[in-house]
Amino acid sequence: MNLYLTGVILLPLLVSALLLILPPKISKGLVILSSLVLSALALLLYIQVDEPLRITLPHAVNEGIVVADILMLLYFGWVAIRRKSVLVGLLSVLQLGGLLYLLRTLPASEAPQLLVDKLSTFMLLLINVISGIIAVFSLRYIDEEDCSAFRKKFFLSVLFWFIAAMNMVVISDNLEFFFFFFELTTLASFLFIGFRKDEVSVKNALTALWMNQIGGLTILAAIFFIAYNGYGEITFTNLLAHSTAEGVLLPLALLSMAALIKGAQLPFSKWLLGAMVAPTPVSALLHSSTMVKIAPFIILRLSPAIKDTPVAMVLIGLTGFVFIASAISALSQDNFKRILAHSTIALLALMIMMGAVGSPVTIVASLVLVLFHGISKCMLFLNAGILERVFHLKQSSDMDKLGESGPFTALVISIGFMSLLLPPFGAFIGKWLSIETIGTLATDKKLLGALVMVAVAGGGAVLSLLYFKVMGLLIARSGEKDRVQFEKTGPYYAGTTYLLLGLVMAGIIGLPLLLMYYFGPVATTTLGQAVPVFQDGWNFFVGTMRIPMLPMLIAFILLPLTLVTAMFIRFRHADRAKEYMCGEKVNYSFSSFYFTIDRAVPYFSAAGILFFIALLLAALL
Amino acid sequence: MNGYLLPVLLIILAPFIGGLVYGFERIVKARMQRRIGPPLLQPFYDFLKLADKRQMIVHSAHAFLGIMHFVSLWFALALLLLGADLILVIFLHLLSSALLIMAGFSTRSIFSHLGANRTALSILAYEPVLIIIAVSLFINTGSFDAAAAFTSEEPLLFKMPLAFVALLLVLPIKLKKSPFDVAEAHQEITGGVELEFSGLFFEAVYTAKWLDYIFCYTLVFLFAGSNILLGIGLVAGTFLYLNALDNSTARVNYKQMLRFSLGIAFTLAFINLLINSLT
Amino acid sequence: MGKQYEIPVGAQHISLLEPLHFRFTTENEKIVKTDANVFYVHRGIEQACCSKFKFRQVSFVVGRVCGLCSISHTTAYSQVAEKLLKIEIPRRAKYLRMLVIELDRIHSHLLCLSHVAENSGFEALFMKTMQYREFSMELLEAVCGNRIQYDFSIVGGVTRDLKPEVADMILKRLDHFMPQLEELIGIYKNNWTLSLKNKGVGRISKEDAMRLNVVGPFARAAGLAVDVRNETEDLLPWKEVGYEMITDTAGDVHARNMVRLREIEVSIRIIRNVIAGLPESDLVTETKAFPEGEATVRLEAPRGELFYYAKGNKTQVLERLKIKAPTFSNVAGMVHAFTNNEYASAPAIIASYDPCLSCTAR
Amino acid sequence: MKLAPYRKKSPWILHFNAGGCNGCDIEILACLGPKYDIERFGMINTGNPKQSDVLLITGPVTKRTRERLVEIYAQMPEPKVVISCGACACTGGVFRGMYNCEGGVDQFIPVDVYVCGCGTRPEQIIDGVVQALGILEKKTRAMEESVRLKKEALKEGEQINRRHVAGEIKPALT
């Protein structure tokens, strides 16, 4: 078996175990070191794997997985009894029953259980690098947490174990494996969300548990239908091979449903929003590199099979709706982390939509969004943690003094928001590719394309309004603070922030290279057909899309560099004048506009449920 | 190379032409109000005078962002005139607005903040419409490039008249003309974002407005395709329409503006998109 | 902090002619609370009138209380002084006072209307109204010799006579103005965007208007029939010259505009009647007496009821002079009517109150 | 390129009522109207001190408007001219000596043009503004110069201080 792969899978598990027993001082070094090693391994793995790698595990592993599976489901059952949650109990029983039934009826699988292709290594790189950064960040964050020493160790341990589970999710080919690790991430998120053990945390953890269990259940159902239709092996590979077979739509729809639930699409967005009660590194982890990114991963895996099917149509419609609905919901929020959460849901919708469209350009768009959204969101969430810990700020409307007390954090957050919206940042490229391909969609799919176009255009504008609004609250400073004094936040906080800022900037500069050697090959393997990404003079082509490089470079000077320069520049020959206050010299309070959409929320959920039903119907009919 | 001569010339002269348009507009407006009005070159006198003023700023970042607003707007305009991808142009224009909004927010001035808030809201009012128009353009010409629209044989106006109407409805928002000049709203927030700029630094924001004229009229010109006469007619008609509208309406508040723009202009653009994509 | 913006308007703000300060607490630009500070312009005129100036000079001083309704102030003061002196002024002087008061009302109302248009963001209408308003300024100049600060009334009568050619000119210009007024009424009534900005905005109910003691067009637009011209006949014979009460029910900015426009019509009618029925007599009643005792006078200024109280003690200098200007009564109503309106409408609402702070603060 | 001539071609006006009777203010408003149309001279009523060249003041300065007046004047960038409109603004007029009046504008800020009259006529105001434009054109940036000189002096002082601290200059007294 591949050395790097073994490392990527086993190292986090090992670290996770060690962290529980080692003293804190050594564990700090261990976390930093293992984060570096994991990132390096993932990178090496990405470089090494060219052809899809199929790995057959020994039979004992299969048995082990089954046992672990049953144990985990029993644990869920115990949680249900302990917390007196009927829903969790019911779902656990259903899952257990389904699993046992499948184990009894399914023939023993002989096919390789693991599949490591470019898409997997792409995800592995994202997961390990970003999660590593988060792990380093949480060293200090969790140190300041008000809990026992063991809980602190436990937190870091779960974090690494979570990384291991995520790594397994993206390389599982066998759906039983996939189910197990899928549920393992659910378990990890359950532990994380309930980490603070207060009433709200427990409640939200249970919500996350049962919602994700539904996802698990749909995977089991998908396995059942694959077996029922007689396609043979229950692997992704096999499923894709039967992509034109009769009745294949149902398992595809069920798997997409699992993706939608993991991706917190309406009406299942509640679990991700509830996850806000956990310590901030958890939010960063859930939002940027792990957990929710399973959603685009599944859709990308399945996209060759589902594109141009009715399922894809419903998926596109649903995600279009979710995009605009969560953009509007985000606008009505005041809590900084909730704003970020809603915008994550919106962008996930875009990624899923792009995956569902499944043309070469959209696959690239989806991948670009996955990567750059991961980096930007991680940066934003970690800074939300800094805001919480250093500046004691949680509500965005309280941040009007941040521009003076924490200009660096304000700058980073502004760049973070800008990087989700404007040229030349990577996420913009993703968005741009999306809009143009939806334009193409409007010519092929007519009505659906036009409707989705409207949703994306409207939702995009709402999101930009949201970003401006939040940014506007943080960057104000009075004329007397012309010389900026950057705050000191300590090596763990500042270091990770610098690193992420560096990644964001590197993403702009290295975009042509990334497209050429990173997204292009990944999209090619994902789609199973050549995705033309090539360079021609100053232009860069992704399929039919032309990305001119010169404007991007100039935009790089115009936006990120301008924001940074604005912090340092001083016009020495200009005099300073006070702000115009109608001649008065009193201070006035600031805020921003706000929106309330309480009345619309039930409709959003209802529409989400309707879309889910439509998804099933589309598969059945 | 010859094909690039005119656009490059236009780009270089854009502030100058924009200033002339603005000067002419002030005269037309004055005449509509039965006044004589300022001389044609008045904007340039203003420009030169502002250059001569003592430099006063609130803080450096604010002033710098104002300048960068001008630069990025010019850049967006250049790309539009060179026939670049319309979505890119729209987002670059958004970038320039973003810099202005950040400038507005970066001070501790109430009116500046209000102006920035309203500018952000007016982006919500016109940006989706512009994107939808760009997509309709794509459906008709097969390319998102503005160049494709410039060279299209049949004027796009006849293919997408509703989109043109939608554009006409949102142009007052962009050009800060009554009834949608909420972002500037002189009597309410004394100029909004531009309030805290003065002297040379105000000049950047002031001339950026001239560039916006060229930007908007170029968007109008797109609808004429390669028919230059029709293009000039459209631009002239739009000019008269904007001034007549400015002179016959009061300023609505931002909620009404959003309702109007998203309710009527956006719907028109959408219907146009539907018609274009279904046929 | 939180969800609320505090927006200062004034002391210096483009939408204000005078220094006054509003502090609007807004949520989403919707006004939830208003603090008003109106006494920037306090100069101490009352005290000066009772110490520095002789009682015959005071009529020129009180004219400077307010430049817009100076004729109302001088007339009201002249009347109160005449009461103290116990003299009756010539009938022609009464008629001429009414003529100038009504001309002044036209110019003041048109100014207010143009200011509302300007603050609503309707520049062209502002220009148009200002253009049409010039005729009243020219007429006032022809009658009194000055565009503002006429100093037309003095204790005992008026300073100037109305020459027949000026009377002809007034009638001619009024004829010329009538179609223009129709045009203005049409625009103020029917312009869609203006009605968006004005209808249902700055609303005050009849009950609130009564409770908060609102006067003038502000009250009449809310349906409160208060007008001094309707109530007293003893000093100036308003009913004789065709006075008519104008009221509206809506109580919003639009209703105030309409009331003002229709009051201009009434004023024009009064002016015509005054000129038609101008009696022949002296202009001034001479007397050598000194003011004695107490007296009060009420007069309808363009903004509402103007109240003068004076006390004399048989010397050249008054013992007490008290001026209560219409805007003073309106301040409470003004602050009240802002609530739950958009901040965007606030300048237009301020203008529609037609506040006169120099009257209020004296 | 000499920019000074353009100052008089584009005077932007700021109007402030320092406590007058409104008479002159409505005449300033009338100047904006079609009959007098001061936009012919390129004038705009900006309402914003930071972008204005000409400050039109009416009324005697009352005790409460005094500080606002100075604040607004300070926010106007040089070169700027101040016109006091009307008798009260020039001298305090009829209000001179009243207990809450401070008298003419020129006691607090330098006035360049005095426009007489009670109230001033629009023609007079325009005349005053045109006169002021001549002054505006001639005005050196003396004030700005003085500010610069002051800054240089400060910098010099700072350097001397630094050298003191560094020990390059021995203090005269020990």
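Order of writing sets the chain letters: A, B, C and D. Residues in each chain are counted from 1.
Rule of thumb we're sticking to: contacts are C-beta pairs under 8 Å (C-beta built on N, C-alpha and C of every residue); 3 or more make two chains touch, one makes a residue touch a chain.
The structure displayed is predicted, hence computed values, not measured ones.
> Smallest number of touch links from chain A to reach chain D?
Contact-graph shortest path, chain A to chain D, evaluates to 1.
> Going by CA means, which chain is nearest the middle of everything shown?
Taking the mean of all protein C-alpha atoms as reference, the closest chain is B.
> From the C-alpha centre of chain A to that of chain B, how far is it in Å?
About 37 Å, centre to centre.
> How big is the gap, in whole Å, between where the Cα atoms of chain C centre and where those of chain D centre?
32
> So the centre of each chain is just the mean of its C-alpha atoms; given that, what is the distance between chain B and chain C in Å?
Averaging C-alpha atoms per chain gives centres 43 Å apart.
> Quick one: which residues in chain D touch 2 or more of the other chains?
16, 34, 46-50, 68, 72, 75, 77
> Which residues of chain A are in contact with two or more other chains?
If we look for residues of chain A contacting two or more partner chains, we find 575, 577-578, 580-581, 583-584, 588, 590, 593.
> Which residues of chain C are in contact with two or more other chains?
Within chain C, residues 5-8, 11-15, 29, 127-128, 131 contact more than one other chain.
> Make each chain a node and each touching pair an edge, then name the shape: line, ring, star, complete, other.
Drawn as a graph, the chains make a fully connected set, so complete.
> Please name which positions on chain B make contact with chain C in the complex.
32-35, 110-111, 113-114, 178-179, 181-182, 185-188, 190, 246-256
> Note which residues of chain D are touching chain C in the complex, please.
My answer: residues 14, 16-27, 29-30, 32-35, 45-49, 59-60, 62, 64-65, 68, 72, 88, 93-95, 97-101, 118-119, 121-122.
> Of all residues in chain B, which touch chain D in the complex?
Touch list, chain B to chain D: 26, 30, 33-39, 42, 45-46, 48-49, 51-56, 186, 190-191, 195-199, 202.
> Which residues of chain A touch chain B once you look at their complex with the stated criterion?
My answer: residues 403, 414, 418, 421-423, 428, 432, 435-436, 438-440, 442-443, 446-447, 449-450, 453-454, 457-458, 460-462, 464-465, 468-469, 471-473, 475-479, 481-482, 484, 546, 548, 551, 554-555, 558-559, 562-563, 565-567, 569-571, 573-581, 588, 590, 592-593.
> Under the definition above, what is the set of chain C residues touching chain D in their complex?
Against chain D, chain C makes touches at 11-15, 17-19, 39-45, 47-48, 52, 60-61, 64-68, 70, 111, 114-115, 126-128, 130-131, 133-134, 137, 146-149, 356, 358.
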